[in-house]
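Two complexes are shown next, each including chain A; its partner changes from chain B in the first to chain C in the second.
So, the complex of A and B:
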């Protein structure tokens, strides 16, 4: 890895437990995320990966446990609060605004950074217009970065799956997040698209210094790009460490291969 | 021919007013997925507020100028509708996030009753005059084309113009501003919108404020025609078929649906009425809506409902 340096712990999850009725989705899970690193959460289907991400993002509130973001306790934040705190995310089942163009979708990511009030917007000329143009510039940078210039004006509903995933990432990047949460960014992609996505994730991490927390189902890809990996199975943490450590962990091997003990 | 044109124009103009009420439905449905049954009650509430304040303000402040009184009353009424929007979000919607559509519909039904009741308690339950200086006299047009020309109600003309203006302003707001974009985003996907930092609660207040303004404009126009009275709250029922026709999620649909219903009502009354003994105007719109529900349930411009199996 080039100039990037892994820093202090910026996100610390302590003893998180989450259940839906009788189903224990997460049981007493703790791990931390360091600044500038790529941290992966992996596990078989139904392991609780997405629940974990939704807890970090404030979609679910854990019954027990503590979320500490840069030293501040955030156990009760909702997803709007998470966005304000500098967390952006993408979705497993792409949650783009289907009726809107690629450009408009990405522009929505700038919402928190916009300052013009309703009245100024109603008048449009002046403050609101200058602001819109400034943000548009930033959005164009992201569009260039992710190589989606050619589909700028297309309504996202018409794009193929792989490109929609890329627009989803673009919208999250438009928020200029400190921590980027990616929910199965490579699910359903072909090999070529997966390689592209890997390259983008590494570039984002390298050039912007963005901390990345990503969920993947497929072990292969993740091991190549992650600095550290958490392994979940049936809502429990069964492994945590560098890709090599995790690969050698007998619990992880049995969870993935179903080997007998 | 002249008579046909006259009927047609009359239909278009009353259609414009239906569009305005339908627009209130569409705005709220698009942004929050709530079918707002209280839109009619909001029209009544706004009209009552306008009528009473334009009466009270001159008394309180000793203003003798009708224009000033109207401007002030309109401004106060806007504030009143904003307060209604804020209260609705605070007291009702906030507690019903992610509930079923039917639950929300029932909640708006409740809001309708509260608004009807509170409105008549605060503002009185009589029939009040709204006099915003709408021209009342009819004019003759196109006298060179047709013998005797065609008779047009000037008031309808002004009303249609104001409605059109409001519709254009709203569509620009929706397409061009960042709040408009945020509104469209929320309409598309609540969860995603929230996680990129669009505050759902504030958006809902804004939508209800905008719907409140359309209710106010509709209330003032209908009120100056018929007087601000309880029957105004039933204009919402007249706008229902418009929404079914145009599609619940489409702003242009609401406008064109309104025009079709307005024209259809007038033309059918005049040309079909004699054969069935009249009174078509009352049920025509509902029949049309029923037919649409059978053949095109998403309406003219609504999004086609496709379910992935």
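So, the complex of A and C:
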């Protein structure tokens, strides 16, 4: 970890409550994310971790609470607004575009940056072609970075799971996000794939200065790579702090290991 | 000469992003287009133009439109015939009501009118999908069937309900012989096909396919479903509208709303399913198949029947045709959902390795 310097609070979540009918998925949760840090969200199954990410990038609208992104209040964040504001994410159950090649999937990540109008695209020669080439260069950098050159033309449906996860990350990186939300990037991977993925996350954080918010079940990984950890259980926040603080927190231990009442 | 790419290296992304990155393909397509323009007009007779080639070209254009919406954007439509009708009647009205309106302008304006109507009838796609959307687009079909039959203004108060146009005039070129009509339709189809290909390989097409494949992930990377879906409806309806205008003004000359009935909508949907959803080439395969099959059966079934000493009536032929379509659609949906286009590309992949597949 070289020149990385953790900066000011970039994303501040205040008193977020989200419920689906009678189910209270999130209750009054507040935490913040600082610039350039790796922030982990952990908790047992059903704790509300994925709901939390869905709130941050506007897939779910919380009933209460406030999202402050770089000083701007987003009470009504929607997915499009979140993408415009520089939030990208990957999915727990890979959500790639199955009918498209790896290259097209990653190129889709750049859709917000492409400006050619429909007529220009239909004519292709001129504006659209120049734009396509410029973005292709950028996408090729990401492909190099994630070491997936050999599969660029393969339809994603044919790839093994570990590589699909990597393409998912590539598509998110193609947006050149300021904050990257990762929903269980290592779920279902073997040790080598996990090591690769850790390396990529650390490199992204280090080289591009991207702030990372990640959900992960592998405690070894979480404790190793994250700067601060927030712990959820049954929709409530039960712990927040550095990995060492969280590890020592009695509430967290009881949530994970079961309390002896 | 083997069909292979050994020794062909791409040294720039530009050459990698061509429509036909393999030179053999490129030359083959140029050869086919050149053949269609310069050789076919001297080779075939009037019957072939009228019965096969002109319908094939126009229906290919319509199938392209349906394929953009159904194959690329994943929105099922049963209203394709209605958008063709809107294009045809709009072009007709522009032509007769606006003095000095050039025919080409009327055809394009017909397309734009269809696009506007398509956007309106595409609005339900923002809330419903799949079968429910199909039913919603069916509403478009029935509404426009009714409107063109009952609202006299659209048909310029024609007492018979059918409208007709004179031979159209494209910058002084009077399109009246079958060869002229064929060339005009061919030119339109070539231009529109390349434009469709450019759209689907660029940002627009990727947005459509993203919405088709995984809409939640698409919205998260900043694609607006509203814009992506309605633009697919607009482009699709534009193609259908232009195809409808050509069908009415060039293929038929005079027509009634029945020319664009629900049968036409189903026929177009069958074309893209059999030809290949999400493949530009699939539109041509599907159109060729559906135009040629009935004619083929008409010729071949009586012969087969004769072998067994059976009398094959016209009615039987048309029943067999419907049965074969039904069987083929079930076959393709189960065995090869990507249609003839996928069979074609699989064959090409094999051919690239032939004769040394290892």
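The criterion applied here is as follows: the second predicted complex is superposed on the first by the 260 of 261 C-alpha atoms of A that agree within 3 Å, B and C clash if a C-alpha of one lies under 4 Å from a C-alpha of the other, contacts with A are read in each partner's own complex, and residues count from 1 in each chain.
Definition applied: a residue touches a chain if its C-beta (ideal position, glycine included) is under 8 Å from a C-beta of that chain, and two chains touch if they have at least 3 such contacts.
Everything quoted here is computed from the prediction, not taken from an experiment.
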item: Room on chain A for both chain B and chain C (clash or fit); value: clash
item: A:128 touches, of chain B and chain C: first, second, both or neither?; value: both
item: Partner chain in contact with A:52 - chain B first, chain C second, else both or neither; value: neither
item: Partner chain(s) touched by A:171 [first = chain B, second = chain C, both, neither]; value: both
item: Which of chain B and chain C A:91 touches, first, second, both or neither; value: both
item: First (chain B), second (chain C), both or neither touched by A:16; value: neither
item: Partner chain(s) touched by A:80 [first = chain B, second = chain C, both, neither]; value: both
item: Colliding region between chain B and chain C, picked from 3-11, 21-29 or 237-245 after the shared-chain fit; value: 237-245
item: Chain B/chain C common contact set on chain A; value: 57, 59, 79-80, 82-84, 88-89, 91, 95-100, 104, 107-109, 111-112, 114, 116, 118, 121-122, 124, 128, 131-132, 171-172, 175
item: Complex interface listing, chain C residues touching chain A; value: 13-14, 17, 195-196, 198-199, 202-204, 206-207, 209-210, 212-214, 216-224, 231, 235, 278
item: Interface residues, chain B side, partner chain A - complex; value: 172-173, 176-182, 184-185, 188-189, 191-200, 206, 303
item: Residues of chain A that touch chain C when the two form their complex; value: 57, 59, 79-80, 82-84, 88-89, 91, 95-100, 104, 107-109, 111-112, 114, 116, 118, 121-124, 128-129, 131-133, 136-137, 140, 171-172, 175
item: Residue ranges of chain A touching chain B (in the complex, touch as defined); value: 57-59, 78-80, 82-84, 88-89, 91, 95-100, 104-105, 107-112, 114, 116, 118, 121-122, 124, 128, 131-132, 171-172, 175
